[in-house]
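For clarity, chains are labelled A, B, C and D in written order, and residue numbers in each chain start from 1.
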Amino acid sequence: MIDVLWLVIALPLVGSTINLFFGKRIGQPLAGWVAFGFVALAWLVALPATFSLIDGSIPVETSYLFTWIPVVGADVALLWDPLSALMTMIVTGIGSLIHLYSIGYMRGDERYPRFFSFMNLFIASMMILVLSANYAMMFIGWELVGLSSYLLISFWFTKPAAAAAGKKAFIVNRIGDWGFLVALMIIFASFGTFDFQTIFASAPVVITVGTATAITLLLFVGAAGKSAQIPLYVWLPDAMEGPTPVSALIHAATMVTAGVFMIARSAVLFEMAPTTGAIVAVVGTLTALVAALIAVSQTDIKKVLAYSTISQLGYMVLAMGVGAYTAGIFHLTTHAFFKALLFLGAGSVIHAMAGDQDMRTMGGLRKKMPITFITMGAGWLALSGVFPFSGFWSKDEILAATFAKGGWYIGLWVIGLLVALLTAFYMTRLFVMTFLGKPRWEDGVHPHESPATMTIPLIILGLFTVSFGLVNTPALVAFEHFLEGSFQYVHHVQGLSMGAIIGLATIALIVAIAGIVWGWLKYHRSELPAEDGKFWRRSRDAFGVDEFYGRTIVEPGKKASEWAADVFDVKVLDGIAHGIGSGTRGFGDVLARLQTGQVRAYAGGVAIAGVLLIIVFLAVGGGF
Amino acid sequence: MAETIVFIIFAAVALAGAVSMITASNPVYSAMGLLAAMFAIAVLYVMLDAHFVAAVQVIIYAGAVMTLFLFVIMLIGVDKPDAYGKQVPAQRVITGIVALGLFGSIVLAGRAAWITGSNAFGTANLNGTAEAVADELFGTWMIVFLATVMLLTIAALGTIALAYFRDVPEEEMVG
Amino acid sequence: MTVTVSWFLVLAAGLFSIGVAGVLIRRNALVMFMSIELMLNAVNLTFVAVSKELGLIEGQVAALFVMVVAAAEVTIGLAIIVSVFRDRSSANVDELAELKG
Amino acid sequence: MPILSILIALPLIGALIVALVPRRRPELVLPIALVVSIPPLVAASYVLWNFAVGDASFQFTEHVVLVESFGISWSLAVDGISLFMVVLTALLFPLSIAASRSITEQVKTYMVLMLILETGVLGVFLSLDLFVFFAFFEIVLIPMYLLISMWGSDNRAYAALKFVLFTAVGSAFLLVSIVALAVITGDQMGTFANFDFRNVLQADLSTTTQYWLFGGFAIAFAIKVPLFPFHTWLPDAHTEAPTAGSVILAGVLLKMGTYGFLRFNLTLFPEATVDFAVPLAILAVIGIVYGAAVAIVQPDIKRLVAYSSVSHMGFVILGIFALTTQGMTGSVVTMISHGLTTGALFLLIGMIYERTHTRRIADYGGLAKIVPIYSGFFLFAVFASAGLPGLSGFVGEFTILIGSYLTLPVLTIIAASGVILAAIYLLWAYERVFTGPVVNPKLEGLRDLGFREVAIMVPLVVLIIGLGVYPKPVFERIEPSVGIILERIEATTGYIVPERGTPEGVVDVHYGQVSESPDHEEEGG
């Protein structure tokens, strides 16, 4: 069964190639159906293998395909364990739904087949990432998803903002990749291999805590790039320039969670380095807080969701930092469902509003698009963390795990609760401003419900959003049990009684409901409240982080480059070369003055030299 | 003894001719001086048993080459008295020092190596007849001889070329 | 006082030096040429003298070759002088300074 | 069959054939030149096909004594290092000839020079005799000089002269060193001199001699590579050269420098290599970062690619002087890959230059809308050059970085930042040229790539992907040859190559046999 796993990568790749070369001939919307078909097929291929893993009929296994780079022992090999199975299911499952959704959403775009080609390429890249059995191959997937992300963000490249956003995403991700790359160097220098199983089995023996800290910190730099953590989160809000299905698939559900996935995959190494764990936890918490603070003031519906994604990724990273891998992955899963749902819902709204994304000109859409309204309502409650929606269970688990760590981690727990409050608040703001109240549409906009290809994915995702949380409750720990196979070398610390868990959950629930009530009271009225004041203004331009980076890194960097190019290279280096050149010429001019052109002067020179030579020979030969 | 007298006389003629050649202000007198020197050298060749070389010296140098010189002198004209030059003021002094230095250093250098000492000068029976020279020239030195043939041909061609292709535009000649 | 080969050699050295002096002090190209011829003759004299001393005919052969080269040289040299003269009506080498750097 | 001699002679014969094309039929020159440039490719493929994998020694050796007393011989051979350089050369020449349709003046001379250039380059990579090597090394200069100075753009005279002067300075050092080496070798063999590589290899050189000779060789090759700070000729030459000239310059001529380092510096002077490795690696890393940083702000697209070459070649030098199997193998792979990717970039730039006659980035904008196929190829080349995994650039640079870290950790970490900078300069340039609205009205109605141009690009694209996805056949052939260089260094100096960086206690888990128990590490330890 595992032998056909390579098809999970190959099928979307084939789909991508077909659409790239023949997409125009296939035409709309058939090209979209082809793309959807290949992804769905990949999902079907992976499905039985996943079930076999759940019922334990096949072991965790590596399937060797071929040798990639022999000198560094990098093979192309696939690892099929619960973690990769879960990610495969998320990526191909949600991926299929979003492909289905895009068939309607992208209708009429002149580069329709190209879009699906890129989407399929993304699925293939993501599968390489999650199925990889070694770090080298993971890095391939890691970079390839960056490529697909670049292609899809700047899909509407005639908009300068879209092109710039794509570039920014790739470059910022590359900064993270630098960390990953250096981590790979240290890993190879320490282990002599990239193979996960070998590394995890031997890590405690082979490397010291110091090396583990170095490796994990660098890996975290990579994760921070891909999963949009401080200080590298700035690309994700800009990435919303891409088409909405892209935002849903790549920048909410799957690719951005790659960093979290990578940390979970390297759990053994992170377990060895408590310092890294602490840093990871703090960075995650701060990211969650900062992003939530920015999200509350955004007026662009996709921007709110983008910052919300960063904030939720902060939660997941916090989970990784405190060693609650299962909880983090669980939140990753539920978040994939409800955030994809929210984005697709937002896309549906934008579609209905003829491309308008400003929530201030929406309102009252409830009656016009009931399916979108209901499904997004489920997403809203899930993200806010209301019992019994999926978000409640997973977020609560992370907070509980943080609390269980004790010590200064309690502080992180408090911040986490604050973020939960803000989350509920801004999601309520989004929901109320969009669907409730009075219509504030501009003239000529006639909102309507989206076609079936768009609403069916919404309904399916909505069902999962409502129910999926139940697979891992304090009473039923199926999910955690399933993932155990992936964390076999990780030692679990469990310290909370059932009473404490229920107590913490109650607190979280109260906070969430408080946030919803606050938002409801503030925004559910006939006039939109004015959002001015210092905090609102600073928050709306994202605390000026982009400008700050521009001032402190981009501009000085550009200045330095210009100096090197225009001054150092031209004046100094070329100057030296020219100096040598003109020096030689000057010396030549001096010598040229000896060339009087007078034959007799030359002859005299020859004669004098002859005499002198004879004298020298005599002197040397002792002729005198 | 007779040899000594002959040597002294003709050596003196050769030196006198040479000196008059470089000092005469009229090129025709210079040519005459050189002619005298060459005849004297031819006699010295005979003293050295190089009969054939002596004959060639007279025919080629004294005959052909000097005639050519005189011909060119006449062609160019002798009406321009030649000065010793004035670019370098101390030129004659320097020239004298250089020439003397050269002579001195050659003599000094040769002193050790020269085959002095032997009474009769040289090997008695060196036969410099045309036959002996021809044996050597067309035997061992055949290839070199042919090379000189080519050289002469080329020289002849060069001369013709110089005379023939002379209608070159002024600016290119100077350029 | 018997004549020895070294006398001839000293004479040759003298003639050669006079030739050098001629090249250096005269500005008439023709006379300079003659001085060069004189130098060649001095060398020839050396060849023949040493040939006599060593009893080898090769010295005379070498002298013959020198003469051939000298003849060729004279032909070309005089042709050059004539064409230069035709170009600027002077055989004064000091006026020929095109190669001045 | 003396296949290597045939390989070197084929382009020359081709040049002769091209020279015989009647003057009245200039339109025949390009097709004929293209046809005669195919046989060398066939011969090179034959060599590649019959190359024995895993054999580190020289193969296809030919040896004919030319000058007995000076020890000069016509001595040719390939090993894993030169093999791919030869194939790359034989591949890039037909492509650049095919891409030379915009050459309209003196086409025949142009093609003849291109083919002579090919002979020269092949000779450099194939000859084992130092004298013959030097001769070919210099022969390459002349056609390249003429190509730049006759068919280049506005500032061509300056660029061509700069190229020749820089290279000639290096050649002077190279010549002196070669002669010195040959005389020392000859002295020890009891003859006047010996230029044969295999004899030179046996010469016993003192450490001081090695330093001097290493320096002489290194200056020549460092200028050719070019290594910072000798790189300033490169942007000018690349920019002013005609398209084919840029392709060949970047694709194969620069490789002559790195190839020289590998073949001569490292092999002949092991002690000096070990002592000079770190300074050269420092220069290489400066070059990586500096070249990339300068590339960012270049206003001219060709200059940008030229500076990117400085950066990429820095990686190659770093890999070589890290003195590890991985680093060195990676360097050779990067040499191949750089030839393909930069060749592709220059070909593409040439194609658009033919249409617009401008190289200024600011003159472009929104091209992707007008010429989608072209943009697709360009984006591919951009990512290949930026080292995207799955494409050839990554395989080489990744291996270099992994290998270099074993001996030069700090430098390698700095060098890795070149990866970030590469993304910046390439994507920023792409953004300015291809995306956004079309501002320049002259760009409207531009023709997209035709069949001929696509046909030129496809082989490169296929090879870039092939080398990126399945580079094993290439690695297998390079690794043994690199191995003996390192073995020699190990044998003659106290240096020890870190094998795989594997410390004690690493467990080798075989595929499919992963044990479930956490105390698994005891099996292997």
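Everything below uses one rule, namely that contacts are C-beta pairs under 8 Å (C-beta built on N, C-alpha and C of every residue); 3 or more make two chains touch, one makes a residue touch a chain.
Quick caveat, the model's predicted, so the values are computed rather than measured.
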Pair with more cross-chain C-beta pairs in contact, given A-D and A-C: A-D
For subunit A paired with subunit D, centre-to-centre distance based on mean C-alpha positions, whole Å: 35
Averaged-CA centre spacing for the pair subunit D and subunit B, given as whole angstrom: 63
Length of the line joining the C-alpha centres of subunit A and subunit C, rounded to whole Å: 92
Chain centre separation in whole Å, for subunit D relative to subunit C (CA means): 59
Interface hub residues of subunit C, defined as touching at least two other chains: 20, 24-25, 27, 94, 98
For subunit B, residues that touch 2 or more chains besides their own: 85, 87, 94-95, 98-99, 102, 106
Subunit D residues counted as touching two or more neighbouring chains: none
All touching chain pairs, where touch follows the definition stated at the start: A-B, A-C, A-D, B-C
Residue ranges of subunit A in contact with subunit B within the complex: 598, 600-601, 604, 607-608, 610-611, 614-615, 617-618, 623-624
Parts of subunit D lying in touch with subunit A, wherever the complex brings them together: 162, 165-166, 229, 231-233, 290, 293-294, 296-298, 325-326, 329-330, 366, 368-369, 383, 388-390, 394-395, 398-399, 401-403, 405-406, 409, 412-413, 416-417, 419-420, 423-424, 427-428, 430-431, 434-437, 470-472, 475-476, 479, 498-503, 505-509, 511-512, 514-516, 518, 520-521, 524-525
Contact set on subunit A toward subunit C in their complex: 591-600, 603-604, 607
Residues of subunit B touching subunit A in the complex: 85, 87-88, 94-95, 98-99, 101-102, 105-106, 108-109, 111-112
Residues of subunit C that touch subunit A when the two form their complex: 20, 23-25, 27, 32, 93-94, 96-101
